[in-house]
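These are the structures, in structure tokens.
In the two assemblies presented below, chain A is common to both, partnered first by chain B and then by chain C.
For the complex of A and B:
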């Protein structure tokens, strides 16, 4: 803090004589706005490209929207494009995931925030935040190796490929997100409410119910919606366990339960399959796929925007007057305590179980030779090239995303009026929540096909940029907003121009937050598979480091795991998949720990796990 | 507080007359970004010595092995499999790759879709697609299937193995994704030139992609059946390629063409292969390269009488 407060005092030094006209010494930081506006423009550009891709796709052939929403027959051979079964699949999988994850997530969050002593809660909370950032490909791997056989045994499902398996994988994936966001909401409830409630003689259960929950409810709901957005947009983890069978709809209400243990298809798995490559870039087939993309984008955008809206625009609703009976107060309190702490055991067990599986089966990753030797054949040797490829992609993405995201954050935080800031922020959030499979497909059409790059590492890096930019922009903007007004007032009172103000006050004040945002964004980008399989990576033969841009693919860890786990049967390939997964988790954890360190060192803000 | 600072900020910007400059910087931002993008596009004409091959997962192991062997001679070849045979052909048609790996012949549709591409096919070998069942079912009495029975299985009309003389066990069908060469061979066997019907809505039906994924799922599912290259079940005693119309997919039957689901394996180029691409394909056609085919369970050109 001391550091940031000193800066503004020094800054006006050279600029004290205020320029009376536009020219001269006062406009020394003119680059600031060119840069900041490039940032916000990049956000708009991403949105434009995405929408442009979908809209031109739809315009290139007629889409029978009625059929897309009501028919369940998908057969490109006869130009029958019905998406109802996929919409049903997406809905069923998400509802399943929420039904499993929400009660557990909320109960665990309450236990973590209200029941455990801080000494215990703090490390637990950190590990849950780490879990929330585990790449989805790792969850997919666990799905295919653990959950598929589990479902097969459980419900007499041949093979285990089913909506149920996909729902469980998603539930496991979104529980940490729900817990992390809910804990933040609970922690934001001022302690005086609890103190007041306890002093009235309420039991702990009653305190939570009548004093804490009404305050935290909207934040906890936001966690659920963010989890839902993640579940809706997830392609790869679902792809591996759902069976990808078209045209499945339950025939009657009673058939719904039976349909859950059958294979199905969701919107994302359809788009992650081979069909976007077969459909070409125009015509009714491509248009229908783009129509599915639009539906998916709309669903995810609604969930994301609604979710973030709930957390910021907190409505202070008067708690409902409720008379609870005094009957069995203490036993009820004890039971709830046991249930809530029990719920916390599940994510805890998940963490331990996942680490256990990863360490037990991916033990190869602990050997440095595995990190530093190149692969031999398809599945032998080490994974040096994949690690290098991932690092190259991340470094390039960081180089592009940092200035753009920083600029966008500055514009949102300082420049725009409240209303525009709101709109820009919503747009940024929407981009952050965009299913990455759509980014990958848009990148494939734009860079690989239209611009003729073929498979290119640069295309992969550029496609990852929209994953990182929103995180950087939102953390920066949030930090700027929490800036004490005195600093701003002092700066302008000293006669700084607005660009000098940004250069000498805003940037020194916000850079730790921005770097934290960058690391968090990169941790997310590191595990992305869907955008890369279409744009940047190949099955075999990519050199460790590319030498050009056109037709210069790389190998990356997430896609390597994807190929190995899907297209391999050999035991050494499975071992390598687990080893690669452990390496990927370690890289993500490294980025996250750096971010947490930075955060703890420079600021007290939370709210970054989404 | 924040209201105050907003007020101050906007006043400051009004005082210094920044509005004009603001729009100017916005404009310069547009220029900057577009320049960066076009700059990338302009400088993007390098690194063309690497050969890009993409397509069928059936051909990919051979292509990868050959690429590995030629690495020592300084040839840089990448092999990708996204999208299967049809994916490879469409990428060749749009000029993204040099060689399409295909486990199915080109169709009229492909020529029509890419009229500017001069598709030249080179057959590198052949392969038999089997209707693969589990050993449990084969031992239970399924010693052969007729064309109608195969159609019944894949259309979801036959749901229990006892309907075709096997054990009392539910059928679970794994069909290949659209565009996969394997699936087209099966469709051709069942339906001839007719368009295959939409996939059945039966409960026991799922889609698989690559050959290894197919094999994994066959092995892990009781009573499953799937079309799969017979080369992929060598050394996996729990899987059996069932004889079709009384003809088993033995080497002799495949080479003579008696076995109905034989398919050629191709490398397809745009125009006659030239330069390093020719060197690569020639290597696969050479005696040394042909040895790679039996290694993966395929037939060489010689065995096919080419």
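For the complex of A and C:
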């Protein structure tokens, strides 16, 4: 899911003359612009399909919206569809996640940007970027294996399935996102503000509070909203630890805390469960599920769009007028330093701990046999077929998403007027922020049911395309905007048509950024589980590579980890799950390192992906 | 740490003495010498010009004095402020409220003109609202900005012109009643008219405040300074008597 955070200062892109239809140039111009516009069309189409799915779903039966928002009874047998417990569940886990992640994330970001010397901060920043891209299925696995037992010990929670466990998993998952985006916002504050404040005799704490934070605040808030969007839309990691108990609401205000250590259900876990399969494709049951989808989509869209908006160009607010006491300045400064550096320990420990757990428990993955031998289900064996399946899905997705995303990026970056560009960009951001579970459900209804493909690898690959396209498009558009205006001017001064300009100026200038975007998007897609479970993957029994399209599922790493971890009794299964998780992390880390390498090499615009 | 509000009294006490004494100050990047050795003294109440060609490291010297060197640069040599040797590397905020650097480009923080004028003061001093207001007013008068902003202290500081901003930065520093002011090319980012107004303000400080003024413009140094310290690219420096 790709979201822009920083827009380059030169907001309006180069405006181009309309393509001329000079003889001999016309067909090529049509080809180039056909390609570019089909990219933007794909974004609009995705949105249309998604909304179409939800709206037709709702229209196919009557949705009792009042009950959906106020009742907590969910019983398809009696056609009672109340969503309040799920809304409460979603709210509870997100609030928990934010309460845990925001203070730590912000403090760690401040420590990274304002306290650590660059030599230390740089590699740490990179590692946190890597953490932010770890697939959520891996966080889910850690949740089920580590956090759930921890919660079970902590309170009297049988098994540990609870809202609290889900909140902690989400907190762990979004902390790197919050840190990474906040560090970017802090780094964007010009050094002269710090210098001016330091030279007035302020301590570091005072400099951060009065000079740096007022400038970085909106960017840091955007980081939180992106984290919130991620937490709201996350299905699988929550699914694995929340217990999925319907109709649980706290009985009184005082019961809220107690309710946190009980199992619950969120909007996403309901949709990721078996019910969408059972509900068919019409009728009140299906309509109610679509109603839940609409609520979820609306919540996530508000968080993403608001989050992306928040960081653009608004001037910094005044520092609070409160006069601070001149007493105890130095001790206060020291305490703050310790607290902030201490906060950095947590993400650091997270990184080390996660690598440690993965290496210790997934050590099997370091054996080449594990990579190259076929699986024997839960009993052991290797994961050759799962790796092949994942690579097949990724390659197909990349093939479809690269041209579409590139085209959309070119249109946003060059063709559109400032206003249209903003609208298109917001739509792209919204697509990027869509919970993938909804993409999966829409894909399931469209491809697997309506078009009769059954479970098909191609359906899975297509469902992953909207995950990748926004990242590619936004990175490309950002790069085009950062293009020096002289280049554009020089090109047109030589009499190039706009399509020639795209081919000989824009593409050579932007391809590294575009490829970086593609790799970042694929790293995200590699770990997607929720949309694949319905559409494309099976745990066992599919051939290594499919031979057709209809009823041709594949096996893939995320599904493998998901299924094995659900069946967490057998030690072989657990070892397999950890090994697969390590392989998946290695694949994403590989994609990401390539992206970082490209970015550093060509200094592409910095873009954030959630 | 000592209370920081003593800036004013110390200045008065030191009127006849030396505010800053720099001996054999060198700035190194690894083993490479970037600046120095530089030796000079700032007499209380004097305006001293620090000049030299661009790239000679004039601004770096100022930053070295207040412990704001960029990462990777080291300083060597001795610096005394108000007769006491400075121990660098401690993130010493007290030093920076005693010797205040005014950077080259005016930096205006979010908030009103008053917020900006109070920016350093409100952290350093515990005083009543009226007292603070009085100090700010005095500083703004000293920087020659009072007459232009007295009626609109609550308007955003972003509405000020560049020259006004620079004088606001000057006032912000003056409000701390520092023992010495370090001005880093205060007019180089300004157009001609604003330059004149800022020069007027700096000229008005002469005799009352201890100022070290960095400038690449010999004529400006001549106009504003009692004496000159020259840094050359040849990495040497010599104090030269200047026209008063």
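The criterion applied here is as follows: the second predicted complex is superposed on the first by the 569 of 610 C-alpha atoms of A that agree within 3 Å, B and C clash if a C-alpha of one lies under 4 Å from a C-alpha of the other, contacts with A are read in each partner's own complex, and residues count from 1 in each chain.
What we mean here is this: a residue touches a chain if its C-beta (ideal position, glycine included) is under 8 Å from a C-beta of that chain, and two chains touch if they have at least 3 such contacts.
Just so it is clear, the model here is predicted, and its values are computed rather than measured.
Asks: Where does A:414 make contact in the superposed view: on chain B (first), on chain C (second), on both, or on neither?
Replies: A:414 contacts chain B only, not chain C.
Asks: Going by the contact rule set out at the top, does A:202 touch chain B (first), chain C (second), both, or neither?
Replies: The second partner, chain C, only.
Asks: If we overlay the two complexes on their shared chain A, which of chain B and chain C does A:258 touch? Say first, second, both or neither.
Replies: A:258 contacts chain B only, not chain C.
Asks: Tell me which touches more residues of chain A here: chain C or chain B.
Replies: B
Asks: Quick check on the superposed pair: does A:118 touch chain B, chain C, both, or neither? Answer first, second, both or neither.
Replies: The second partner, chain C, only.
Asks: Quick one: is A:214 in contact with chain B, with chain C, with both, or with neither? Answer first, second, both or neither.
Replies: second
Asks: Is A:273 in contact with chain B, with chain C, with both, or with neither (first, second, both, neither)?
Replies: A:273 contacts chain B only, not chain C.
Asks: First (chain B), second (chain C), both or neither: which does A:192 touch?
Replies: A:192: touches chain C, not chain B.
Asks: What residues of chain A sit close enough to touch chain C in their complex?
Replies: Within the complex, chain A touches chain C at residues 117-118, 192-193, 195-204, 206, 210-211, 214-215, 315-319, 321, 323-327, 329-330, 333.
Asks: Mind listing the chain B positions that touch chain A in their complex?
Replies: 1-2, 4-6, 8-13, 16-18, 21-22, 25-26, 28-30, 32-33, 40-41, 43-48, 50, 52, 54, 57, 60-61, 63-64, 67-68, 71, 76-84, 86-87, 90-91, 94-97, 113, 170, 172, 177-180, 195-199, 201, 203-213, 215-217, 219-224
Asks: Quick check on the complex: what are the chain A residues that touch chain B?
Replies: Interface residues on chain A, with respect to chain B: 22, 26-27, 30, 33-35, 37-38, 41-42, 45, 73-78, 80, 148-149, 152, 158-161, 243-249, 258, 262-263, 265, 273-275, 277-278, 280-281, 377-378, 414, 417-418, 448-449, 451-456, 458, 481, 484-485, 488-489, 492, 496-499, 501, 533-534, 537-543, 546-553, 566-569.
Asks: Provide the residue numbers of chain C that touch chain A in the complex, in ascending order.
Replies: 1, 3-5, 66, 68, 71, 91, 93-98, 100-103, 105, 107, 109-112, 115, 119-120, 122-126, 132, 158, 169, 172-173, 176
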